[in-house]
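Please find the structures below.
The same chain A turns up in both complexes below, where it pairs with chain B and then with chain C.
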Partner chain A sequence: MSMWGVWLAMAAAQALSPAQYPSPVELAVSPDGARLYIVCQGTDELVVADTRANSVARRLKVGRVPKGIALGPGAARVYVSNSWDDTVSEIDAASLAVLRTLHTGFEPTGVITDRAGAFLYTANRISNDISVIDLASGKEVKRLAAGRGASYLTLSPEGRRVYCTHIYPNPGRYRTPPQSEITEIDTATQRVIERQRVVNAAGMFHAAFSADGRLGLIAQIRPKNLIPLAHVAHGWVFGNSLAVFGQGIDGVVQVPIDELERYFAMPFGVAVDSARRLAYVSSSGSDVVTVLDLNRLLAAIGTTEHRALANDLSAAARYVAARIPVGRNPKALALSPDGTRLYVANRLDDNISVIDTSSRTVTATIGLGGPRELTPERRGERLFFTAKYGFQGHFGCASCHIEATIDGLEWDLEPDGFGIDIVDNRSLEQVGETAPFKWNGGNPDLETECGPRTEKFFYRSQSYSPEELADLVRYIKSIPLRPNRYRLPNGELTPAQERGKAIFERTRKKDGTPIAEPLQCPVCHSGKYYTNRQLTDVGSGKPTDRSPLIDVPHLTNVSLTAPYLHDGSAQTLEEIWTVFNPRDTHGVTNDLAKDGLNDLIEYLKTL
Partner chain B sequence: MGPKTLCLWWMMLPGMLWDSFPPFVYTEADHYQQCGERFPSHASLVLVENGQRRAVAPELFASADADISFDGKRILFAGKLRKGGPWQIWEIPVAGGKARAVTNFPEDAVTPHYLPDEKVVYARRTPSGFALEVLPLAGGAPDRLTYAPGDFLVSDVLADGRLLFEGPHPAGGRDLYTVYSDGTFPEAYRCDHGRDRHAGRQVASGDIVFQEGDRLARFTSALAQEVALRLPAARFAGPVAEFAPGQWLVAASAGSGSPLSLCRLDVAMQCLERLPGPNAGFRLQPVVVAARKPPLRHPSALMPQRGAGNLLCLNTYVSKRVFPEGSIGAARFYTLGEAGAERLLGETRVERDGSFYVQVPPDQPIRLEVLDRSGRTLEAEHGWFWMRKGEQRVCVGCHAGPERAPENAVPEVLLRSTKPVKLTGGK
Partner chain C sequence: MKKLALPGILFVLLARTAAPQDMPRFRWENFTTAEGLPDNRVYSVCVDGARIWAGTDNGLALYENGKWRSFHPADGLAHRAVLYLALDKKTGDLWIATMGGLSRYSAGRFDTFNQLNSGLANDVVYGVAVQGEYVWTATAAGASRLNTRTNQWSLFNERNTPMYEIWTYSVSPGEDKVYYAVWGGGLLEYDVKTERWKDYNDPDGETEIVLYKDQGLIHEITTSVSYVNQIVWVATYFGASRYDGRNWRNFLDKDSGLPSNFLNQVKSVDGTRTWFSTDKGLAYFDGRNWATYRPALDTRRPEMLVRDAAGKVTSVPVDSAPVHHYTFGVDFQGDDIWVATAKGVSHGMRIHQEVTSNDHRRRDPGVLVGDRH
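Then we have the complex of A and B:
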């Protein structure tokens, strides 16, 4: 047996801990097509598959929760972003040894190098910026401001531009159409040269270019959060679509991939063939890869008014060439260099579908190991990320709770009436112990919140069995808490955080006047999760709210969950006090100057 | 040689080929007409299994309109106990036995279908025509679903839980519509409006196959218009029964004067083969006897305590009719009085963005007109719709078509007020 064979056997024998599922999310193919690199965020691994044997060849531990991959020039180096470590692992492709660990902004997701391999870029999801790392020194030399939720990076084919897409919309004026951003960076100067605003796009995911660089495609969702969610049919809640831009196209055109009665939810991965003939899009909530005929797509764009096209559920018939069923929760796509195979990372099946692009069928599956038994949490995770329970497969939990977080939007849910009780989408981190639920505290437990309420007023269709609901709740309660980046490693607080803590806990105003107990922050924001789980009137109610009583929200990672207040009317933490607390009903803050509020925010960031 | 020339059109199917068929039930009638009393003389359901035929409910004078329970063990049908009596809804085990009356109305009740949760939907005759009702199989008070004038007959229960039904089209003939099982959100399945669509049934692909005139056509999810089916020349009568993908049982005849026979239709091969049977009489309404996946249950969000129905139109300008920007000033609503005369419910202002928000009386016919800024009618909808008690409905536009998804914008009318304009006719 060769050394390679010995290593294979050892890799196969390597036992994974019981609840560790590989959960592949990102892919890259070596230039010779022999290797498929697979980023497994569940097991913190880079897995290398032999594409001739369609089997796993090697596994390599990287940092925590890896979420991005890039191949350096000539594919001699592999870069994997470790989102929970705020690092990138630089790996020697030949030996698969980690050469360096590069430091980035918070939660690096997408990663790319320029053509020369001089600079490496990471999209940092929660610091909303892009790290530029000089690969010679291994140091971050620039931090470019991006949009909110910067996540995916794509290098234009000629190498002159890096495009960054964002999973959240940028903060905007209350109850106005969300806008996501495409941040364009000049690789020669490492400077942002353009910020394209994409109106009514909230989550934008992978991008891909045609080989000639003349056409760009981005998987995206168009939420319908400003209209009452009174039903689901006719694309009422989301438009699962593509953003199309490039030569001959005026701006960014949004084109649906849905049909009238079938939806292809949560589009994520995109690939374009080298001949610019076909594009592929994964719908991670519908377990499908859609094949698009690009000539027909461009003809549709050229002959249809763009706003009408974006909302036309019959448009996809003009350019969709095929729908290919794949595994659960398909994420990234990667084409082999010769274009004959398309690889699909099925995150919740722990495998890779290999699609023959000529027959448009799955011809092989590469298993990535992992426990054979599904835990209740894993079953629940599958339920959370599928769209099959929404009416006609329109959307699922993860359409709003993107990657089990938020969507940065406020919604007009129907049970209360139209235009009434607008609600902010709340974070799910540590939400399990914060009953009751809903902003009006109307649901006593997650079973009610996710069961009958979701079925009747969200999905508008028969949804979970009691067993499934139990699994779903188990998953929601197990959603991992991402590391807080603002706490010092030794557990101490910075001086600003200390000052903010003192403000948070104070019982007297700056002039020494006592603060009434109900207006002291820790009275409502108390306990482990900083909520007393009570209904309180903090004066943030609007004329369109039925009741001024608001369920006190928990504050876990609160700095990441904008917008704020029950209806999402405060774009920032500061606005809570400077705009929406004129009479000191939401704590006493009007005696604080800007620096005091800054300190308070610095402390809240640590919660 | 193309596949069509291989077809054994109008050849008798050899008896040995029965083995390739699952059991099925069909209606055998002396006479059949598409409108009015469909079976003016005798009709009876026949179960065919392995080429053997058996009357399903011989104790009844007439039986038709079969549907099979989701476990494949029971047959729901319309039956007349005796000549001259009303059609009622009956149920009988597939294995045989005594038929059980599900309804006992003085009026006709026809076209029954099983619903999830042991309920049934059927059409019951009212003074204004047949209306759809839902009833628990165990009995109880029926819930009427449709409130517009004309005959509404159940065609199928779709996999997504909506009811597919046929009803009058304002321009004449019939068309296919859907409604949820609580009577909310009635709408045309498509807005291309064919000649005379009826007898629709959903096949495994999700497509709806229906009869239009003497032909079959289909709706498919990707398209806003019907798709013609390329089939051998014949007169077809729906519904079809799919016994394998692309393999249908269907009633057909060689010409308009000939009685209908049951045929096997291979859709891809465009091959139609007549099944053995007597040459006289009509054989139609096939349905396969097999267990099947129940349609999804519709979780009703009706809040009857709210009383009336609230209707929000996002943008009246989104319409198949082109209205110049700023041309629409108001929307006027009518209902039908007890004597069948139109009665004005009132008018509401239409905002600059085309939105309006009204409250209308529940469970009665509603019709609307769009008016210009001087109060003249720009467009009058000729069809009637209805809203249920406590229904909250939102429309993209005015006759926009099901392919139009809404634009994401707060409707101006909701910025003005979140209270609907009451157009309840003084009630």
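Then we have the complex of A and C:
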């Protein structure tokens, strides 16, 4: 039996745990086109598919929640980033054995090697940086500052640059347009040499280049969070779009893929054919792959004022060549080397669509296994990530809660006038047991929060059925809790965290004066999730808020969820107290020296 | 022990072999607001390959491809007054100490850390240095250390170190030790392995009279520290000190080639060859001989003075000098040197002479002007 046959037999023998769904997110095709590598974040696997048979050939366990893949030079090595382990698995492509486990920054997502295979780069989503790993030694040799939510890496075709994109906008002044960046690294020096600012962009996802390197495309969303969400009917909530840059293009031009009455939400994957004629974009909230005619796209860019183009919902008609329906929540795209086939990772269908690029139809589907029955949580997950319930399919839960997290923005949600009741986008990890909901506690349970409230204020269309709503709530309550990077492996606290804990729990000021009970941290931030689920006035209300009473938020992974306070006006944890607590109304902190406040924050980072 | 011994040996060898005519000579090119600097008062210079950064009283300046351009608070800089600069040689990021916080400049983006939005101890940041993943700062309220990988700030002050005065002015890290010049508080040493602090103070207290020569730090009012090859150089307003881990040696204008006891910065090349930025010129010490570069204090004409080990002072004819005698700091670009002064930036381009010492002496004899200048 050939090695390939052995793998097929082993693949058949390997059974999945019934509770696990493969959830494919990333793809890579071998240079000969025979293998398709599939990263399955739900089952912690690298799955290898035989592209001739369109079937799974082998499954390989990697680290927890893998989210990125790269092929080394000659595709002899495969690198998979394990986002929950802060590692990369280096895999021998011939034997599919894990050779080494390389250590990275926090939550590595995108991974890439340089042309020579000398250095490996990972985009670290929650440490907001890029690890540079010397592949000879296997050691991280430097850490480069990226933007917030560094996530995806692309090597330019000639190999001189690595481009990093980010799922969150960079921190900015309160109530100013979001701004992301494209971070460019020189592979000769392993240094960041340029940061292209992308104004009004928040989430930026996969990037792709034409083979000649003259054109770059990035899937992105343009949230319009400074105006009331009531303007959904005017197309003014999200611009699902592409960032286009390269030779002959002045800066970064943003072009919509939406249409006047139909939106293609949450663009994620991008691929460009080798002839630079066509580009493909997956809309992960709309279950569609859009085909763009690049000549027509460049003509539109060349003849239209760029700012107007970004918001022109009629523009897509000029360059969209086709829309190809695929499976649920399509993520990464990969073209076969000869360009005849396009593979699409359908995360919430646990399969791969194989598109014939000439007929632009799905000609085969590669199933990845997993439970046949859908749990309520899985059904709810599908609801969470689809945009079909929003007005004209404009957006869904995951448009703001990107990959079930946050978007780093503050929003003007309700039709109460401009700038009234601004709200921070809260984390959903462990949110389920922290009722009531909404910044002012106005929604007693998640069913209200996600049902009538979402229908009325957000989607502006008939929303979920009662059964669907129950599933959605089940999913939200099951959103996995990412490991906290600030806790020591043995569960103990560092000296600074210990001191911070003592400050958090203190009942007296430094001079011995008792702290009134309502001002003691653990009174409001109490219980398993550090919230007493009550409303309280901590003095951070603004004149534009209807009420000074704020729902006490839970503090799970609080260090990852900036900005802070109910309206996102505090850019950092420090500002909660240095800027917004002048009268000790949000706990007593003004008797603390700076090192005491630092200790408190070190403790909060462990929660 | 070996590490300790090598610079000492170099020190002795250089002291025996160097000759006054071998002291480095430069052709000076000077830059002021006329050439594009945002301000003539320049506190710090920092070399990044072919690029030169300058911290001025009114913004950060970058010299690249023959032109200066400026960055100001409107661009994201923490404050207009830029006091010190440090380059992370691995990443190319520039760390910027200002009167209003700490900034990082990385490929066109400024990130600012201040006492309100971060764990930085104080917004008045006099000094900054990079040590691997750590960024050390010297602030008006003690030392702050940022772990750039975890964003943890660690503060060091009178509560957890022997720092009885918290006005830290300068920081110089090595792999094993980190040294702080504490203005009015002497020298502070942090042991990386033990995480313990130790202070070094003037054995005769704060008096300006040196009672115990070479028995310790020369003065408590320290302004700068440079730690290279296990050798610590300390600048004070009352002379300089050198410490090799065992012995102290102190330098005053009256018994060395220092043009002044008022030192703004000391920066050592290798523990022996060392540059001093003073209020009366830029000084260089090669372990035996001294040189001073400046416009003459009286005539303003370019001046280079060399003082040999015997105390003889020679004036070497030169046709250029740093733009001003009041110097704040230096950085090195190969054999060249860049100087921050109160009246602009100076670029000293090293003149390499391919002549023997005798030829050099015959063609360029210099002028003997006395035992001391």
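The rule we apply is simple: the second predicted complex is superposed on the first by the 592 of 607 C-alpha atoms of A that agree within 3 Å, B and C clash if a C-alpha of one lies under 4 Å from a C-alpha of the other, contacts with A are read in each partner's own complex, and residues count from 1 in each chain.
Everything that follows uses one rule, which is that a contact is a pair of C-beta atoms (placed from the backbone, for glycine too) under 8 Å apart; a residue touches a chain by one contact, two chains touch by 3 or more.
The structure displayed is predicted, hence computed values, not measured ones.
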*Side-by-side fit of chain B and chain C on chain A, or clash*: fit
*Touching A:Glu181, do we find chain B (first), chain C (second), both, or neither?*
second
*Which holds for A:Val579: it touches chain B only (first), chain C only (second), both, or neither?*
second
*Figure out whether A:Ile301 sits in contact with chain B (first) or chain C (second), or with both, or with neither.*
neither
*In the superposed arrangement, does A:Ser127 touch chain B (first), chain C (second), both or neither?*
second
*For A:Arg143, is the partner it touches chain B (first), chain C (second), both, or none of the two (neither)?*
second
*With chain A at the apex, figure out the C-alpha centre angle toward chain B and chain C and round it to a multiple of 10 degrees.*
130
*asked:* Applying the document's definition of touch, where does A:Ile476 land relative to chain B and chain C: first, second, both, or neither?
replied: neither
*Quick one: name whichever of chain B and chain C touches more residues of chain A.*
B
_Which of chain B and chain C A:Leu555 touches, first, second, both or neither_ = neither
*Once the structures are superposed on A, label A:Thr189 by its partner contacts, choosing first (chain B), second (chain C), both or neither.*
second
*So after superposition, what is the minimum Cα distance from chain B to chain C, given in Å?*
20
*Along chain B, where are the residues that touch chain A in the complex?*
116, 160-161, 185, 206, 221-224, 296-301, 303, 310, 312, 314, 357, 392-394, 396, 402-411, 414-415, 418, 420
*Okay, in this complex, where on chain C does chain A touch?*
90-93, 104, 106-109, 111, 115-119, 121-122, 133, 141, 148-150, 152-155, 157, 159-160
*Please give the residue numbers of chain A that touch chain C in the complex, ascending.*
105, 127, 129, 141-145, 170, 181, 183-184, 189, 191-195, 485-486, 496, 571-572, 574-575, 578-579, 593-595, 597-598, 601-602
*Once bound in the complex, which stretches of chain A touch chain B?*
175-178, 200, 222-228, 230-231, 233-236, 239, 256, 258-262, 307, 311-314, 316-317, 320, 391-392, 412, 414-415, 417-420, 452, 455-457, 459-463, 544
